[in-house]
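What follows is a set of structures for review.
Heads up, the next two complexes both have chain A, just with different partners, chain B and then chain C.
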Partner chain A sequence: MGEHVVILAEGGQRKRAAATDAERVVADGNEATLVLRQRSKWLDEPISDRVRVVDLHDLEKQERWMPVEWLLLVRVPRFAFKVVGVGPIKGFSQRASSAWRRRVANPLHRRVFLPMVRRRAGSRPESLMERGIGARTVVDVLLITDPGSMPTAADFLEHHDVPRVAYSLDHAEATAIGER
Partner chain B sequence: MTNHPSKVAVVTPWYPTAQHPFRGAFVQAMVDATGPGTDMSVFHCEEWGHRQPAAPIESAYAKLLARTHHPLRFVPTAGGARVTQLPVPLSVTPRYAEVAKRHAEVLGQALQGKPMPFDIVHAHVGLSGGWGALANVGPDTPVHVTEHASFLGKLLDQPDAREMYDELLHRVAGFYAVGERVSRPLIDAFPHHKDRIELITNPVSFEYERPVPVTELRRWLYVGTLSQLKGVNWLLEAFARCHAEDPALTLTLVGDGPLHAELVERAAALGVSEAVTFAGVQPPDRALLLFREHDLLVHASRFETFGMTIVEASAAGLPVLVTRCGGPQESLAGIESDAGEMVEVEEGSDALVDGYRRLRDRFPDGLDLARARRVLDDRYGYATTAREHHRVWFGEDRG
Partner chain C sequence: MTTPDETGRPRVLYLSFYFPPSRASGVYRARATANHLVASGWDVTVFAAPLSFLYEAIGSVDEKLAETIDPRVHVERPHLNQFVWQHDIRRFSRFRRQAPLLAVNLYNKTHKLFPEHYHSWGMASVAKALRMHMRRKFDVVVATGNPFASFAAAYLFHRLTGVPYVVDYRDAWTLDLFKDKPLYPEGHVAWSWEKRVLHKASAAVFVNEALRKWHQDRYPSDAGKMMIVPNGWDPDVLEEGAPPHKTTRPLQYTYVGTVTPVQPVREMVEAFETARAHPLLSDATLNIYGHLGFFRGSQVGMRHLLNIDDDDRVGSENSGIIYRGPVSKTEVAHTYAESDVLVFLAGGAKYVTSGKIFEYMANGKPIVSVHAPGIAAAEVLAGYPLWFNADSLDPVDVAQAMIAAGKAAEDLTPETRAAAIAHAEKYTRNRVLEPFEERLRTIIAKKD
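Presenting the complex of A and B:
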């Protein structure tokens, strides 16, 4: 295997570019790792089986606090709505349960719990990315393929020595005028 | 061609990428045509829209730019030029003035606040490439701007964007619209700049020609976005009706877009799924090869400022069936019946079906594809484009 190219596509705003570059990397006989968030959102963009996928969302779900949050925000309220919602108020209770999930649990998860956990050193996206890739794995090229990946990329580069950084595979070999 | 020692920068928001293989193909063609004989560098300032908090992205990008663009790094591109990819991350906004300012800011960050070290800067799209370039050149560097945008109406409705456009027209050394559909709203909005707005067309390569001429009009081809603006829904309806008369007809749709799923469903409902191929997005060189494998380009767009695919197809020797959607009336003026058939824009498939029947009935003797090709080469060929650009850049015809 030749070079290891990590394609960071955390924001998911330019999936086609990320998937195309990953496919080209493996087609050229190199190793490609595609770092994304929530693979289920990539169903419209096929990813080659030869590309290794690191899903930051999955890694985040493995954090210790997640079951506790899930219990507090989702399971306990759902159980409560179920217990209360019998007889004539069953329909109302079911609607209230979904509204809770949509209007309270999900925003709380996104705006409060996630930012809190991402402040912990081991749970920051770049740490999850490092864990997903393998802490000792050499990265020869880092491609930052969308704006949502930029904060993670900048943090990752503060602690890792990556010889080449670019925004697409076509530009991975870019040189300054007069260089080489 | 005489060598121009001049250092020319091209600043553009549009240039083909893996995400959008066709977007800005005309800018790449312009670089291909005008680059030889100059020392040309392309700044591809591609907008990367997002709906996330802007501050963390912008602060991270400033750090990344120091790594990726200080010093500026390039890869070779068309016409012996070099290109640097400079994403412009921005919060999705309908405000054109904000977009323009963000372009100026990012280009400035990449240049570390120094003026662009070029003799001539040619920007594409007024309030993104043009504004970004003007904000980052020294006082003696002339900036030329080519406008292609089809969204000028919306832009000019926004007072701050309109004011910036007026200022841009004051400051540029030369301003060029790629067709009358682009120049007209600008002249209406800024009559005091009427004499500054010239027409300059997009270049088209005539290097490629079908090795075997078309002998029958059976294999239809569409290349572009699958959207209502492009009239692809009516194209499919028209195809189904013609297919009912001639089951040997096929249709290949190259591209992607919001109508994709709906079109697949509609093709099934019309019973033409077997005859319709959804080829997806293809790289431009593959799209050119498709001209070899098809007999007719059908383009049912509602509006085009230029309509590059139509000229490319004619350049490759393919007959065209196109709507009178703006650009094609200009590009095919005087050779409409030589190149193919033009039909009115209408919300229905009748015009396309009738147009196809007329075209089929007078094919091949009623067309003169070779003449159409010659005339188009003279209008849009690389030599013409290079001559025009070098004239405005260097003040003389050195092409």
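Presenting the complex of A and C:
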């Protein structure tokens, strides 16, 4: 087996470059793990089946009390709007439901609950990333493909010895990828 | 009179970012200036780039060159924010790791004040100079660019202390030498900086007439303070008077210097391959000595451009061109002694002199030109009896010049060589720096 290249694309600003680099890594007989956030936002960017994908958003959702938050912020209000929204106020209720999601639930999730979750050592993005790729898996090359991935990469590197860190596959190849 | 210290020596602050052990292209001029001033009775303090920048950020050093600095020269290395050269995320500050875009935006904002990545070095230089000046006064500041943060530092120091300063344009600030057009758009902050720096400077020094003329036209009110101090050659590293190498076939052609993409390297390779069709050059070799690019990372691209194979052969298989790798300035004399013909490969034209040409002339050997017509170096080569210039970059014309230079090398007489060396004597570093040193003395005498 060749090298294990972890491609961090958490910010999603350079999706095509990340997917292409992952494709190139596996085409060269190496192992690629693409770490991203919310796979659903990558639907327009085909990712090879041979590339292992770690979705930090999915892992975050598995946190113990995230389902509770989801229930309180999304499911209960949605159910309430549905129950109330019958007859002539059905349209109004649907609009209010999506407005709630957009204006209240999402900002609360992003600004209040997620930071609380991420404050826990085991729930920080770098810990989730470690869990996703396997705590004992050796990482030979870490590609940081966008600025949004930098905080996670920096924290990950504080606890892991990665021989090569680069910002693209070309940059990594300049230091002889596959020739350790 | 001057402000002498206990030893009676006037004190100069020399702001030269690139200073040995740096091997940047203009470092020899800086080295020679510091050594010449200290030998002429000055107390010289040099502010140079931090060693971490030279070794880690750009990896461009020649340690043997540092040994040629007069031990009386005092070198300080003010701090430089290496933000833009720092690529290893593990060494980023906590702020930059957590907010990378904000960090970049804040860093870029500082460019509105001074448009160079070296501005933090300039500011640190001013702060350090002020501290040193409070303990013992500087009489004059000499700033050499690039980087031009040194000019700005000299200007600020002058505004704060009144100490006069001289700017040495080793390179052009606002002119693109290779494209012969302004480097910045009108209204760019670089223009206002250059204007105010030149206006307050006691003198401005240029390496050739073409550069001085361009600046005189641009800043006519300061034209009177502009002078020329050409580059020169350093007898101490060229073992002046070394006996000429006896020419035996096969002829050895040599290029010594950094190879960069702005040079007509392809034309040189093609011309030499063409010239090898001539019986005289059929077994001749062209040896290329020097670094490939100025920075550690430029090797790969240059090897590709020159088509260098694993055996360091350049061009086609039988081109006769070999890349020999870098040679230290202190070992270059031996390289010249082993050569029959020197190849002057230079990029650009009108404004480019190249420090290398003085060293070439000092060896009294045939020089064949590979550069665009009208190069400023022609000013100093005119009168050199062993100059072979095709005045063209057509490989066929350059090949003819190479053949003629080869013939001259075979027929070289002691008289012709002596005449060539006599021409080069006009350009020893000490000779070209004497008027500059006198100018500095005049400036500090005026101040008092």
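Brief remarks follow.
Methods note: the second predicted complex is superposed on the first by the 171 of 180 C-alpha atoms of A that agree within 3 Å, B and C clash if a C-alpha of one lies under 4 Å from a C-alpha of the other, contacts with A are read in each partner's own complex, and residues count from 1 in each chain.
The working rule: a contact is a pair of C-beta atoms (placed from the backbone, for glycine too) under 8 Å apart; a residue touches a chain by one contact, two chains touch by 3 or more.
Every value quoted in this text rests on a predicted model; they were computed, and no experiment measured them.
Once chain A of one complex is fitted onto chain A of the other, the partner contacts of A:Leu36 are absent, as it touches neither chain B nor chain C. In the superposition on chain A, A:Val54 makes contact with neither chain B nor chain C. Contact with both chain B and chain C is seen for A:Val165 once the two complexes are overlaid on the shared chain.
Look at A:Leu157: by the touch rule set out above, it reaches both chain B and chain C. Looking at the shared chain after the overlay, A:Ile144 reaches both chain B and chain C.
Number of chain A residues touched is higher for B, counting chain B against chain C.
Chain A residues 144, 147, 150-151, 153-154, 157, 165, 167, 174 lie at the interface with chain B in one structure and with chain C in the other. The part of chain C that touches chain A in the complex is made up of residues 87-90, 92, 97-98, 100-101, 104, 297, 300. By the touch criterion given at the top, residues 144, 147, 150-151, 153-154, 157-158, 165, 167, 174 of chain A touch chain C in their complex.
Those residues of chain B whose C-beta lies close enough to touch chain A in the complex are 17-19, 48-50, 52, 56-57, 59-61, 63-64, 67-68, 71-75, 82, 84-85, 87, 89, 281. For chain A in complex with chain B, the touching residues are 11, 13-14, 16-17, 20-21, 144, 146-148, 150-151, 153-155, 157, 165-171, 173-177, 179.
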